[in-house]
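Dropping the structures in below, format is structure tokens.
Both complexes shown next keep chain A, but they swap its partner, so chain B is in the first and chain C is in the second.
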Partner chain A sequence: MNIYLIKNNIKLMCRSWFNILLFIIMPVVLVFCLSSAFDSLMKKYEETDITAGYRVEGDAVTEDMIEAMCEVAEDNDITLIEYPSGDPEKLIRDNELSGFIIFNDDTYTIYEDKDNKELGKALEYFVNAFYENATAAAMGVEVNSAKVTVEHPDFTPAIDSKDYYGIVEIIYFGWCAIVAGAGIFLNEKKYKIRKRFRVADVSPFQEYLGKFIPIAIVASLGTIIAAVLTVSLLGVHWGNIPLSVAIVVASVLAATAFELMIYNITDNLIATIIISFAIVWVMGFYGGSFETYMFSSHPMTLKNISPIYHINRALTEISCMGHSDYMSSAFGYSGLIIVVSSLISVIAGTIRKRGKV
Partner chain B sequence: MSIILKTNDLTKKYGNKVVVDNLNIEIEEGEIFGLLGPNGAGKSTTMNMICDIIEPTLGNVEFMGKDFKKNRKELIDKLGYIPQDLAIHGNLKAWENVELFTSLYGIKGAELKKRIDESLEYVGLIEKRNDYAKTFSGGMKRRLNIACAIGHHPELLIFDEPTVGIDPQSRNFILDKIKESNKNGATVIYTSHYMEEVEAICTRIAIMDNGKLIAIGTSEELKKMVVEDTESITLEEVFLTLTGKKLRDY
Partner chain C sequence: MKTLVKMSMKLLVRTKIIWLFLVLMPVLSTMILKTNVAYTSFQDDIESLVDIDDADTKVAYYSSNGEYVVKVYDASGSELSDYLVDRLANSGMFVLCRVDLSGKDIDDKFIDEHLDLDGHEDRMGASLYIPEDFDEKILDGNVAEALTMYVLSDDARNDALESELALQLSRLETTSIYAANEGDIVETLEKVDDMSPEKEVVSVSGSEERSLTAAQVNQKANLGYAFSFLTLGFVFAGFFIANGAIQEQKNGVITRINLTKTNMLCYFTSKFVAAFLICLVMTGVVGICSLTLDMNDLGMNLFVFLFLIFLMGLIFCTLSMFMGIIMNDVFGASVASFTLWCTSSLFSGLYFPLDTASKGIQVLSSLMPQKWFMDGAEMIFVGDNKAFSMVICITVAYIAIIVSLGSVGLKVRRSKEWGVS
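This part shows the complex of A and B:
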């Protein structure tokens, strides 16, 4: 690995004002515009107070327990109102309830409002947590049964437009990584600098690393600086910072490898940018870069094919829940893209080594 | 004098078009060998094959008695190539350009720093080491282009039209440096369209046309191919007599 080649390529990229504009300024401006534009749309998904009805139908459910549950619920902005009779679904409709719970001896049934499923899920989570803690307390295990925290359920993380677009647009711009190297590619072609590499017998792998590492470093840095700016200027919340940074870097590395592969195959910057951006746009379209993916009507199969979907979903869930089941697939997809694209790049470079500079 | 470079039936074809046709030349150690030819004669293709930038269709290049392609790793730092294009980065400073291209030969650390200063000093750009290449004049860029190719101390220097588009002072400086390199022991292959330059510095000259070697010898020997009285003819007239006056790039 030639550190001087890497170092000087980094200098070349950092001296380009266009890179600063693309990776730092544009994402911040776009995040600001999109989060403002979609603020009202996203507000309905924000956390709201929950009012639910309940009825006790089992003899084993004690009054003390219901009383305790109502108190804990109150602490968590959940109001439980008793309705001794009536059809639960009708009661939900008529009284604008978020849900209805029927307690039996050792089971309970929760009716959810079809239009506010996320509130029903929150209610379900609360009751579950209460029962678990109550059981633990009965078994003599010390628990904080008096404080049950209602978290946003997994299936529909509540996130505001600022956080959502603050995350997905940063990722989208990170997928434009190849542009960071545009100046180098143009210069190398225009002035036939690659002749010097050929004469010095620089291997295709070395040449690949000489581009991959600098582009990945510059694009990652630009993306992280843009993210820091969105945090400080717009108050975007990323959740677990080290984990989010790791996913962002993995994403930029994957983008760099993927787009370098296209460049090594086409050997043409314009074609690379057109092809890369078209593919990235499609991945972004199904990955939630242009709309709220969790409510979109796109088929799940298409969403799952898009690496950007896994990355966006992992990051937005980390932002609002602190964890995500999509973390492993985000890393897995990125790793796979890096390995496969790098291999193809080196093979294409080896094939192209002779006869064309 | 021993042979430093030899081409054996070197041929390059693109489809049915023969660009270089069975070229056999021998270059002796310590000489300045001029390669002349009109546009499209095959000079650059020959240079590219000598430097192993492109693959010959037939034939091979022997460098220091060994097949160059097969012994590339061993011989690579003995060859310096100064391309016709200004193969430098405008957004890098002069010393950074030299660092980048000298490091390709595995030179690093303190030795690399020493070579950078040495190369810039050699081409008269040491005072401008911290200036961006894009701010340089045409002549300075040409000199930097040379500095980027000599840092690894090659024994054979290949200059591909190094004086194109520069003022007489810069041209004179570059020619003096080529002669100085030669005096210091480097063998030089030099291509140019400027006949007086070739005549002034080259010990032997080859003329190519349509991919073939049509004449080779000292300036005097080439002149004698055309007329007996060598005083009455210039190298340019010899060149035009041998290659014809018809335009090549129309």
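This part shows the complex of A and C:
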């Protein structure tokens, strides 16, 4: 009996294919948008060869010193080229330099390219360090005689925006699973299927499963298709794929159970969608679905309450480290939501059946 | 023709929900412009030394241009530690965020907890812990234990920080042999620093772009949100006109209009005129609402502001109207209008700048009308009068495209359904 119900409900959902399409397309669009918007903010610093121009004005720097500086620069992958004339700003633009240095009597001026700030900073650091080392040597300081205590605590390596939002938005839209099931509810109302259930030999638990299983299947598949799309279009890294898929499916199951519970209580599709989207938005807001959780300064207690936070953190850590301490809490939270919501749903269904509301 | 326009307007005015959009959206957008909250975490020139009040404050945003951020837990708070942090900040490469913890009871647990947060819940290159007895350790010559550097990233610049620290500590160590106390050390070292040539840093933009001030950037962000709400209002105004047309088709009104020898071109022109009028009404509402605004906050003159809004509204109103009429289905048309609003405001960069986005997104973004209006607003901010001709050209171009595509779509539709009830 139940198999028949499940099959039929899947058919009903596929009839409103537009909803399912939105369910798959929306996260892909959002991943595209957010990952490129936060690209520069989350970009990892890469060591690249720096090319910079310089000019000596006045007689502050001797020929020998410049030669020495160019040599040291070469060792640090910095190429210094002399441009005796021209406007530094224009020279930077025309020759794609990372910066320009003008040595004057008691000062030196560094022009840094705003678009490649980190390279300009590296150049600034180099010149500064060159002078500091020179004066230190003149002072008689034995350079690098001191050893610094360096410790390496555990940390999450920097994850780039593409991987982060590629993972997080898939989860966020997975939590909107009820959209995929809208077809069932619309048709149930339209054809008064619920009335017919009353005379059928179906327990509330079976009726619940008859909805839960098909929605969970379609929503999980939709979410995974969306994830596969982003992986193939953008090259998002998920790290340990079987483990990540398990977490994604668990979260979609939790979302389905939770939103079905709201539907069973309110018995109104529009209200269900508004309430569940509002709750999911708040959870996503604190869980890092919009502003990266590493960047947002919400209190930790609020973050810890949001299941999406645990799932997001588990998945991002798996993506960049291969393991995560939040795995168990992600699974635990999802499992707890599934069990509690299912229980409440069945109870609500029983009450409704008895009361024949 | 006149009767048709009158009829459409009457129908629209009687629809209650359109008033919600006509009034609510301008009010919402005015509120956004009025509050003038700084929505963006715009940090153009980040200082290389930032003092943070609370040890729990996150420092991730200080690396928004790829800077290497170092969070410093300074429990010593002495002259020597100040000098050290200053020198590190002066080197140019690092942004130091210092938390002053002097006088507080710091134990290992405190440090471990914060390192856990720093490593997993924040983003930085490394963190430094300067313990309370920093000065004594330096004077004793026990430099290696004076402070601890915790590496919290796989950034290539970690080595630079370590060697810079080593250099500064060696300098302190060497000087401490001759000097009597902390003050002497700092004084001697500062004298040496003065002998080095002075550094001056000039930031130049490589690409030629309009440079806005921080206030203008904020105005632009606010304007973006306001535009987004207004677009929603205009899109749904167009949807309601389409809704009227769909109902008229379903109830056979079209057939009756046809019988009066009015041709379809005239009918659709009347719908277009209705869209034009609705846009005027909505712009009027915005105008009334913006009387409460201080025009200096807005960055432009009231009429210019209303002019921009009217043209943008006209594009969206006609676009969603034609979309709705062609879809010929109320539910589908509402979803389409909503999707139009969502994607166009996202891709035109109303919510966040897309300057750094990939080429594909940039191209997609230039297809969105709002992007050009934002550009126009930006040009008006900096006093470029070419903005007016640009927005007018854009509007004419969009409307021409919408009307021609719409009429082709209608021809296809009409051969199937329209006019047959």
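Please note the rule applied: the second predicted complex is superposed on the first by the 235 of 357 C-alpha atoms of A that agree within 3 Å, B and C clash if a C-alpha of one lies under 4 Å from a C-alpha of the other, contacts with A are read in each partner's own complex, and residues count from 1 in each chain.
Keep this in mind: a residue touches a chain if its C-beta (ideal position, glycine included) is under 8 Å from a C-beta of that chain, and two chains touch if they have at least 3 such contacts.
Computed from a prediction, not measured in an experiment: that's the story for all the values here.
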Touched partner set for A:Ala129, first chain B, second chain C, both or neither: second
Which of chain B and chain C A:Asp201 touches, first, second, both or neither: first
Most chain A residues touched (candidates chain B, chain C): C
Which superposed partner A:His323 touches (first chain B, second chain C, both, neither): neither
Which superposed partner A:Val29 touches (first chain B, second chain C, both, neither): second
Which superposed partner A:Leu12 touches (first chain B, second chain C, both, neither): first
Touched partner set for A:Pro88, first chain B, second chain C, both or neither: second
Touching residues (chain side chain A, partner chain B) in the complex: 2-5, 8, 11-12, 15-16, 183-184, 187, 191-193, 195-202, 354-355, 357
Chain A to chain C touching residues, read off their complex: 18, 22, 29-30, 32-33, 36-37, 39-41, 43-47, 60, 88-89, 92-93, 103, 106-118, 120-122, 124-125, 127-129, 131-133, 135-136, 139-158, 292-297, 300, 313, 317
Complex contact set, residues of chain C against chain A: 57-58, 60-61, 64-68, 90-93, 115-116, 118-123, 143-145, 147-157, 160, 162-167, 169-171, 173-174, 192-193, 195-208, 335, 339, 343, 346-347, 352-354, 356-358, 361
List of chain B residues in touch with chain A within their complex: 48, 51-55, 72-73, 76, 79, 81, 83, 85-92, 96, 99-101, 103-105, 108, 112, 148-149
